[in-house]
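Everything below concerns the one structure shown next.
Labels A, B, C and D are assigned to the chains in the order they are written; within every chain, residues are numbered from 1.
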Amino acid sequence: MGVMRIGHINLRVLDMVAARKHYEEILGLMPAAEDDKGNVYLKGWDEWDKYSIMLSASDRAGMNHVAYKVESDGDLDELKSRIIEYGLDVEMVPPGTLPFCGRALRFWMPSGHLMYLYAEKEFVGKAVGVNNPDPWPDGLKGAGVHWLDHCLLICELDPPSGINKVADNTRFFTEVLGFRLTEQIMAGPDHTVQAAAFLARTTTPHDIAFVGGPTLGLHHCSFFLDEWADVLKAADVLGKNKVKIDVTPQRHGITRGATSYFFDPSGNRNETFAGLGYLSQPDMPVITWTEEEIGSAIFFHTGELNPAFTTVYTEGV
Amino acid sequence: MGVMRIGHINLRVLDMVAARKHYEEILGLMPAAEDDKGNVYLKGWDEWDKYSIMLSASDRAGMNHVAYKVESDGDLDELKSRIIEYGLDVEMVPPGTLPFCGRALRFWMPSGHLMYLYAEKEFVGKAVGVNNPDPWPDGLKGAGVHWLDHCLLICELDPPSGINKVADNTRFFTEVLGFRLTEQIMAGPDHTVQAAAFLARTTTPHDIAFVGGPTLGLHHCSFFLDEWADVLKAADVLGKNKVKIDVTPQRHGITRGATSYFFDPSGNRNETFAGLGYLSQPDMPVITWTEEEIGSAIFFHTGELNPAFTTVYTEGV
Amino acid sequence: MGVMRIGHINLRVLDMVAARKHYEEILGLMPAAEDDKGNVYLKGWDEWDKYSIMLSASDRAGMNHVAYKVESDGDLDELKSRIIEYGLDVEMVPPGTLPFCGRALRFWMPSGHLMYLYAEKEFVGKAVGVNNPDPWPDGLKGAGVHWLDHCLLICELDPPSGINKVADNTRFFTEVLGFRLTEQIMAGPDHTVQAAAFLARTTTPHDIAFVGGPTLGLHHCSFFLDEWADVLKAADVLGKNKVKIDVTPQRHGITRGATSYFFDPSGNRNETFAGLGYLSQPDMPVITWTEEEIGSAIFFHTGELNPAFTTVYTEGV
Amino acid sequence: MGVMRIGHINLRVLDMVAARKHYEEILGLMPAAEDDKGNVYLKGWDEWDKYSIMLSASDRAGMNHVAYKVESDGDLDELKSRIIEYGLDVEMVPPGTLPFCGRALRFWMPSGHLMYLYAEKEFVGKAVGVNNPDPWPDGLKGAGVHWLDHCLLICELDPPSGINKVADNTRFFTEVLGFRLTEQIMAGPDHTVQAAAFLARTTTPHDIAFVGGPTLGLHHCSFFLDEWADVLKAADVLGKNKVKIDVTPQRHGITRGATSYFFDPSGNRNETFAGLGYLSQPDMPVITWTEEEIGSAIFFHTGELNPAFTTVYTEGV
């Protein structure tokens, strides 16, 4: 019932040839389709729906929208009502508006990011199939990422003026979309300002995250790998291909996940993420990090944020 | 809404001193309580409820019951109705019947295993706390298992006589308790006999599993570890302590998980399991293994079941 | 000065097509040459000499000879004198007798295995080159083994009759060839029978090993992998290709290495070995295992030898 | 014959209490002795000699000397002659000059670092013993490092004035002490300036390294761990203890090793190093990195040197 998981993200890229090399040869996503507008659709080998990455050529990097999949078509009506009741504008767009998808709800998050919810997307199947499958397919390229795991959106935060789109999004996602808050960073003199929030619908530590910043943005989209050894291999692949790396393999305090950050050729930040984490559950108490420990929260090893981490990101609309 | 996860298993052990050494010193569970009947309660460092293992002294090994936690107290009423409607006997037992727990539903699975559902258990908290937590606590012992992950129950299967408690349990768990079938092994000439079933409520590959056998039994209960390297360390600890190992580190075809099997001093089989798996989802097609590939299904590397694996187990009631 | 490392092993295979698929596609050795007698030469990507595996078609499996490389041509004269002085027959064979190699010493070990020493083999270079090399090359196949690491030879052992070719080989290798004994298994009532010996010239735990058995044989040849995660990946590849596995990933007590054993299509046993070991040094005391602990010595996790491990092997001459 | 390996390093620390906590509780070295001058001696659990780290209280950080162990006492005479012949001053100091050691050669490297060679140090034994040993001991603390692996010394390099102590040391170590050059970084317009050199006596990629810099210094001393997973665990331990980390887990281009850099409380840089490397051999061609690729040479993932890496270090005399 309700939202299941992230379905896809529509990224804007400055150079489609370079982008395809990055996402296909280096990350190992598989080409799924290309439309007559030149959009390119890619999927992870472990995903069964048509695509999780939609690349659109543009003269500025960032994201156009992010889409989450709900369990059944009827959920869309139910969620539409709830969104309206919450006071947000929402529109039901017809099948095909989201390529290869059924009808979809279209709305702007309180933060201003464009979001879709859909229940149906063309089914393709995992690369390993469903009958006596191998644990992984032959012929994987590069890092061989499994699936699009989550995205982190930068939301406007300006405590003096009372603007906190992190908190606004969190309230909307928990009250309307049924997400659970798993972790948060609390800032301000009394730790009353929610400066970051991590929310889940699956039982992983997060399916979406919001972090406060000066402007609406896309911080990163993240791809799943099994474990720490795979994060090394992925970083080796990045090194071999001279991809710009932001953060070498490290552990997050938040989510406990193993991470490495880097940029696609357009400057969109990617993450390879292995979930050395926990089972998130409705009755698990929210984990709270205080602003003073934000370094450890994000990068547990160094306990320090590298400056680029919070200031360099691409546009969120 | 509904069942969240495995809550605990009540194991019978022949020698409580040896059992405590095994579960506390070797697996690294933490002592939580001991009652006046001599029952011992243990929890994983990453669990927040009072206990997930309840050890009861007995002259025969096996399990007394397994208990799953539901999201809210009201779910118990709803599930009670559904169980009755399905045609099974069920009883609401008062708080404290399950130690440290609120009221609970008590019933026998179609396979004859005793099961409880409860919504409340005394809260203790993770060993790392909820404020700026470390990724793991100091002072872990032995394998340092995170949590009780799932159990696998042997259910009576005798195709000639039409008895298939695997299928009976699967139907009950999916239709009444809301579990999703993620994987199955199909046997028989036309692959029409469901010889094993793996079911989930979380978005991991399984929270419970049923495998056909001659008699009702407990095949194993499984403890979570982060990754393959931790399975090695756990096996090292087992080797150092001369624990009887059934299966050395290997990968399951089913669930793709990294596994190692071994026995507690009473002969109850344990597993250390690292979920190198997939995100299970309502719209993920069921994975089906055919009997001819059962070796690869269970032990992907060898493709062979070791004989003891299916014939050696402890009693399920 | 003197012996540097294992240079190659000449294996007999029953079916060259199947053997090539096994060693090239599954283990990931690279084809180096094929001669007019149909011998096939293969090398690991991390080796710089022409080949480390020479496959010869035959109607019986096993090894023809093993060859070790010495540091300089002059070492051959010095070693020839020492071998003669020790009382063994030895012959200097001309360049090309060992394919792609310079002149070589040819002799039978005390155990009856045929051995060559050579100082020169055609140089090819590592797949990653020597200028700003990547840590590993693109396009690796299968397990992507790095190099031939060592071989284990079965030597006749019959204490009642006083025959102990393990001890005989050990004496010859240490006194004449300059190997260091790193570990041994001592059997018999007073632990006076050297039932297995592990010897090194490099500073790894072993470059050759001898284990007692009823008949002269080849127990296995072993291929190096970086670490435990690579042993998993290799075992996955074996599983995907339905290779017969003898022992799934496990840790040796002896050498502490991570291991997995399996058979080539002709029945020759292979090992993938990751050296989670120690630095072996001239002043490191010899590690001694007693017969009662032979299970832990070989397979530290289970502490048990599987019966096939000591009874199934191929011929050593 | 000749030098075997690094024996110990004598580090100066500003606060002995803090230093002991760092090296004993966090790195997991074991206390070996304390002398009446307040020097503290520590060893890795996998080392058999008395100590590999000697801590001396001082008001400035850095190293007093580094000592390498030779195979036999007679080697000292032989090496003394060679050093004199090479034109360096050298002195044979009596037993006990190096604490717990036999007589020793004392000399300054061409770079100005003080070095000792000794053949005997009090024997203690590995923590796991030599009879049926476990692969690792119980009760390890912190990162549980195995042994002191190597040190990297900053040597004066000023091409305009013709000063290149890297090359001077390399010549001395290869021609006199029998080290093999395994890798080097070549700088300058024609890549003729040896800006860094990595040398080995064991068959690992390096036992000592020299890197050019403005002043004589100690860049780091390095401690061995089995593999990548252990580097993560070590970094977790550092994070838990708020140790200042210089470089999070990453792969070196040079040596291919997995690395993490951090500082002891006095500012001496440490490394945890797992040798995902190669077998170094006398006939392995030297690997050469060009100055333009120095980023990838040192930090293969990012391909970038962090500024502190080359400018922050402690004193070398």
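Keep in mind that, in the parts below, a residue touches a chain if its C-beta (ideal position, glycine included) is under 8 Å from a C-beta of that chain, and two chains touch if they have at least 3 such contacts.
All values reported here derive from a predicted model rather than from experimental measurement.
When the interfaces A-C and B-C are ranked by how many C-beta pairs touch across them, B-C comes first.
Interface note: chain A and chain B, two copies of one sequence, contact each other through mostly matching residue numbers (shared numbers exceed half of all numbers used). Taking each chain's centre as the average of its CA atoms, chain A and chain B sit 32 Å apart.
Annotation: 48 Å between the Cα-based centres of chain A and chain C. The mean-CA centres of chain B and chain C are about 43 angstrom from one another, to the nearest whole unit. Those residues of chain C in touch with two or more other chains are numbered 134-135, 227-229, 236, 239, 251, 253, 296, 300. Note for the complex: chain A touches chain B at residues 1, 4-5, 46, 48-49, 69, 71, 125, 130-135, 146-147, 202-204, 224, 226-229, 251, 253, 256, 274, 276, 278-279, 281-290, 293, 296-297, 300. Interface of chain D with chain B (complex): residues 134-136, 138, 227, 229, 236, 239-240. Partner chain C is touched in their complex by these residues of chain B: 228-229, 232, 235-236, 238-239, 242, 245, 247-251, 253, 258, 260, 296, 299-303.
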